[in-house]
Structures are given as structure tokens and as C-alpha cells.
Amino acid sequence: MAFRSGLLTMETSRLETFADGVFAIAATLLIIDVSVHAPGAELGAALKHSWPQYAAYAVSFLIIGIWWVNHHASMAVIDRVDRTLLFATIAMLACIAFLPFPTRLVAEHFRDDGVRAAAVTYGLTMTTAAICFALSWFYAARGRRLIAQTADQGVVSAISRSVIPGVPINAAATLVAVWSPYTGLVLFAALALFYVVGSSLFGRD
Amino acid sequence: MAFRSGLLTMETSRLETFADGVFAIAATLLIIDVSVHAPGAELGAALKHSWPQYAAYAVSFLIIGIWWVNHHASMAVIDRVDRTLLFATIAMLACIAFLPFPTRLVAEHFRDDGVRAAAVTYGLTMTTAAICFALSWFYAARGRRLIAQTADQGVVSAISRSVIPGVPINAAATLVAVWSPYTGLVLFAALALFYVVGSSLFGRD
Amino acid sequence: MAFRSGLLTMETSRLETFADGVFAIAATLLIIDVSVHAPGAELGAALKHSWPQYAAYAVSFLIIGIWWVNHHASMAVIDRVDRTLLFATIAMLACIAFLPFPTRLVAEHFRDDGVRAAAVTYGLTMTTAAICFALSWFYAARGRRLIAQTADQGVVSAISRSVIPGVPINAAATLVAVWSPYTGLVLFAALALFYVVGSSLFGRD
Amino acid sequence: MAFRSGLLTMETSRLETFADGVFAIAATLLIIDVSVHAPGAELGAALKHSWPQYAAYAVSFLIIGIWWVNHHASMAVIDRVDRTLLFATIAMLACIAFLPFPTRLVAEHFRDDGVRAAAVTYGLTMTTAAICFALSWFYAARGRRLIAQTADQGVVSAISRSVIPGVPINAAATLVAVWSPYTGLVLFAALALFYVVGSSLFGRD
């Protein structure tokens, strides 16, 4: 809260390093919320019974990894950062760093009536992150405002085409979670796995 | 606690990397303190009732992001680090890394009598951070002690003019929080939003 | 969950930086789970009695350090990243970042009947990490798919020979832990120490 | 636990980045242990009464900052990393990352009989860190084993002279803490402040 604008000198590499840090920390912090407390003799059974915690950990870790990959793909064609992109990115990172909270809610309430509220919170977090990401991308890409001169327009258009469905897909999965929390949660996991397996299986890279 | 002085060889990029780490970790750790515990059936209501926690998370995340931006703006014209700048920066980082604590206090006591003490603690943390930042900046800028030869004096003066109000503004908001905690808290949020929206809206970058 | 494949542009240095972050954070987070609570007068005795916590901390910190070293050794001969390597690495990192959880279980249940389940969970985590690492290495090394042209084939083959025993060794130690938890735990510690001391003593670097 | 030795290719910059991460995370994690719980009306008084927590936070944050500075000073003249230096550094980092635990003990037991055990634990952690640092430095410096050819021998000798007192000073302060915990704690704080203020006041950089 100190500087006038007009003084900003931020290289894209700085923003990427900061974002890398937030992605890595948010993913690694997920483990803090995994906990199983049981008397010694019952620990084995309690550990098996707690599989929703490990599943929630794995899915959220993977989702954060996917976002990290996508963020880099977008930054690879951007070569300038202005304040709007900066704060849209910080808003997106605040959503990603928020994910450990709904992850914990889902793991904790997987077997009680709270699962609906937990799944919807999870979905709203993902949808808000997708909105922030879409805003920051289209702000940068519109008229190639912040796009590197050397970046191929085909790549830029392809990124745009792939960013567009992010918001409706996440919003739809959230709506499904309102109606059926477990279906919504399975959808979020399936979307992440589909993203990984699909792109690997078909060897499109 | 081992070396004599005179041996210090610290590049500005090293200090920036360390500071980046502290900023990113402090922001991401904020989520640990967001927690809602309720029996399953009441989770939805409890999540809605807990909005001060999300607001506190969002404002503190944004404030840490702003400090990160400002720190980089100042480091962009500094090209040498000496021990005084180093430890003034470490003191500033200790204040920023402290912010999750008053954030948690505000979220926890938002609806009870503790809100005054929480808001004042928040304000004192911000004010101390601003003092450390002003000291480190003016130490570096005075007589261009640590300023890069290539740095434009107009930019240096502009940074100085913008650093000056940081301490009185934060101190004033803290004093307001003594008198009216909620007004003080709204002020801290408004200052952060004004910083972001103002600079984006007027497109001064 | 936003981009089509075919757009991926990820330098190995980016993946290394992200992995570095996860390794450093996972190791440093281990301390959060070390806790000794006792009335003042009994603190000294309680601290001595809690040595399994410090031992678990030290062994897991060392193991994460060893994985960090090995990951760099493998990345040193890899000069391209594709989506399969990326997600195999993210899976491996998810296992490493999971380690604080079984570490906490072992420390907590070291003196009760839960030690078996805790030690087996520890072993399964290590074995899964080893599987992910082997998959990612052999995917990259097969036919030198992602290996740098300048990389010596002798070095690549030596890495392959050393990656192979990782899975059976960790699986064997896990099986031992099923039969005798303490023997299994001592094995994990001994393997880590042997790795460090062995390579130092014989000065093979 | 996978590679044979002889394959290690680790640049000093990689080790510095990993160490930077551990230093930054350990310092920032200190805030997790600062907590004040009181009914709203008593929060102000409880916050004032909790000053040992803030003092412990500030001193440990500063000490970690000082270690970070010293580690860089030593790495600035080292240009090769072998396995011995690597694992001696990891052991030193494990001690630094351990510091949040005794910091928490000191803050928690500052006003009860546990302060002696807490202060001694703090001192033992610092002394062990100093031993690891001395071992790693003298291993690297002996016969200029890992020292850059371009490094001035005067600088190397000066670092050696300044590393030597680290172990006895920390051990002495620990012994003082056995006899008088508060004197020991004041000594640790005074040593850190002396390091900072001394080097700044006399402008020896």
C-alpha cells in the first residue's frame, strides 16, 4: 500500500516464481489436514476407514498440479506483466491457496450430512479460480495486449479455446454437487484424471 | 551468529528470492487458520456464518500480495545489499510473516468483545511493517547509497514520495481501530482494494 | 483443467524448481507434528521420553533430502519434459509430500499397538513413491526418449541400474514391518544412513 | 535411496535454492505456534501477557535470518558440492528446521518450571546446528577442497576464524541455560542482536 502506479517493473519470471511458490506450498500443506486418531489397537481399521482423506488429498494435489501446468502454459506466451494481470493472478492464487480448506471439509464430512455443503464449497472455490484465470488470460490475450511478439497466434488461439470451457465445466460440476454431492465430487476427480490420462494416452504432446 | 562482518557478499537476487519465499509462504499459510467445525447437518449454515474468516483470508492474502509487489518495485532500482538493508528487510519480513496471527485473531473475535484488541493488533503489525519498509527504503535511497547508477532519479523520487504516506496511513487506520474496530478493519480492506482497483481502473501502468 | 494438450511448453528447470519447493516444504513441515505437552515440572522427562518423535523427524527429513538429491541426479541427464513425465513426477511428489502423515503416525504410536499399522503405512508411502520414480525414470530413459543428446550413456545406464532396486528394497522393508514393525522402521532408518555414510566414507564422488 | 554414488551432479546454486527454501519456510512457520486464546473481553489483557510468544518469534526469526546470511557467505566462496558437503548441509538444515519446536516450548513454558528444559532444548538445537555448520565449512575449506579457485584466501581464512567460535559460544549459552534458563535465553537473544546491531553500527560492511 505504498507506491503510486506507473512505477511497476515486474518481470514475468518474478510472477512465475511467486506463483510456483504458492502452488507448491498449497499442495504440500494439504497433508496437514490428513489425520487419523485412534487407540493403538484400532489404528489399522481407522486408517482403512479414512480412505476419503487420502482420496481428497490425492485429487486436490493433482488439481493444484494441473493448475500449475496450465499457469505455465499461459505464461509461456506472455512477456509483459501489468498491474491488472498481476492482481488477477494474485486473486487466482488466493483461490488455489484456499483449496486446502474445502478439501478438509470434504474429507471430514464425507460420511455425514455435511458432504453437500462441503462439496459445494469445493466447487465454488474451483469455479472462482477458473473465473479469475479466464479473466487474467483474456485480459492478456485480447488484441495480444501482453502477448510476446514472437508467440504464434495459433498457440494463443488454442489456449483461448481451451480456457473457455473451464468456467462452465467447473460451474456445472458445482451444480451437480448441489443435487448429488458424491456425483459432483466424482466429477471433479474424473475431470482431473481425464485431463492427465487423456493427454498421456493419446500422446498428443 | 558466526561470521565477522566485512565478508558479506549478498546479491540482490538472493534477497529477493528469500523475500519471495516468505511472502508466498505467509500468504499460503493463512488458509491453515480458516476452519469451520459443525455437525454435518449444520455445516451449510456454519459455513455461511463464517464469512468473516474468508474475508480476513482474502484481505490479508491481498495485502501480502501488495507488499510483495512493492518490495519488488523498490528492489528494481537497488543494486547492492549491505547488512543494514539486509536486516531491515528481515525485520520487515518478520512483520509480514506475523500477519497470519492477527488475521486469525480478527476472524476468531469478529463477533465478540475481542474484536478491538484483534483489530489493533492487526494495525500495529501493519504499521510496524510500514516503518521497517520506510527505514530500509530511505536507508538505501539517501544519497543514492545503494541505488543502481542506471536508475532514473525520477523513479527513485517517485518511490520515496509513495513510501512516505505508508506509515501515517497505517498508523491512522490503527488509531481508528482503537476507537471503532469495525471501521478500522473496513479501512484496511478499503486501502488494499483502492490500491488494486485504483491503479487498474485508471490504467496508469 | 483448461488446456488442450499439444500446447505444453515446460522447461526442465521449471519442473525442478517446483519439485525443489515440494521437497523443501515437506521436509520443513515435519516439525509441525513434533509436539510434547507436559506440565512444567515434568517437561524435562517428557522431552527425553519423546525421542521417537525426534528420530522420526530426523529420518524422514533425511529421506526427503535423499529423494531431492536423487531427483536432481535424474533430471541432470533429462532435457525435455512431456506430460507423462510431468504427471509421473507430480504423483511422486504427492507421495513425498504425504510422508509427514505416516511419520506422525509412527511417532505417535511408537509405544502402542498401532505401531504396526503406522510402520506399514510408512512403508507403503515409500514404496509408492519408489514406483512413481521408477516409472518416470524408465519412461524418460527408454530409448533415451527424454535424455539429453550430450548425456553419457554410461551415466544413464548407471542411473537405471540404481533405480531398479528402489522398489523391491522399499517393498521388502514394508513386508518386514508387517511381521515386525520395529525391525521395519530400523530398516528404513538404516537404509537412509547407509546411503549417506556409505557414499561419504568410500569417497566415491 | 536409489542411486549409486559417483553419479552426483549438483550445482551449488541448486543447494542454495533448497537451503533458501528451508530457511524461508522454517522462519515463516514460526507464526503457526503463536496463539492466544481468551474470551473476547479478556483478549486485550491476554495479548499483552503473551509477550514471550512474540519475543520468541522475533528472536528465532532473526536467528534463522542470520543463519541464512551466513550460509550464503560460505557458499559464495564454494564452487563444488560433493556428497559429504551435501549431507552435512542437510543435517544443518534439519537443525534449523527443528528450531520452531524449541521456540514453541520456550514460549509455552516461559512462566513455569518447564522453562529450564525448554531453554536447554533450544540451546542444544543451536549447538548442533553450529556443529553441523562447522563440519561442513571445514570439510569444504580444508586444503581448499571445494573452494573456488578465484576465491581470495584472506576471505576463506576470515570465514574460518569466524566459524570457530560458533560452537563454543552456543554451547556456553546452553550451559548457562542449565544453570539459569532466563539468562541463557537472554544470551541467545543478545547474541543475535549483537550480531545485527554490531555489524550495522560499526559500518564494517
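All chains are identified by letter, namely A, B, C and D, in their written order; residue positions are counted from 1 within each chain.
Keep in mind that, in the parts below, a contact is a pair of C-beta atoms (placed from the backbone, for glycine too) under 8 Å apart; a residue touches a chain by one contact, two chains touch by 3 or more.
No experiment lies behind these values; they were computed from the predicted model shown.
Between the two copies, chain A and chain B, the Cα superposition rotates by 90°, quoted to the nearest 5. For the pair chain B and chain D, the fraction of shared interface numbers is less than half, so the two copies use mostly different residues to meet. Set against the C-alpha centre of chain B, every other chain centre is closer than that of C. We define each chain's centre as the mean of its Cα atoms; on that basis chain A and chain C are separated by 25 Å. The geometric centre of chain B is 35 Å away from that of chain C, both derived from CA atoms. Among the residues of chain C, those in touch with two or more other chains are 17, 21, 25, 29, 32. Taken pairwise by the contact criterion, the protein chains form one closed cycle in which every chain touches exactly two others. Contact between chains, using the touch rule, shows up for A-B, A-C, B-D, C-D.
In the complex of the two chains, the chain B residues touching chain A come out as 16-17, 20-21, 23-25, 27-32, 34-36, 38-44, 47, 57-58, 61-63, 65-70, 72-73, 76, 130, 133, 155, 158-159, 161-163, 165-166, 169-170, 191-192, 195-196, 198-200, 202, 204-205. Interface of chain C with chain A (complex): residues 1-10, 14, 17-18, 21-22, 25-26, 29, 32, 82-84, 86-87, 90-91, 93-94, 97-98, 100-101, 104-105, 109, 112-118, 121.
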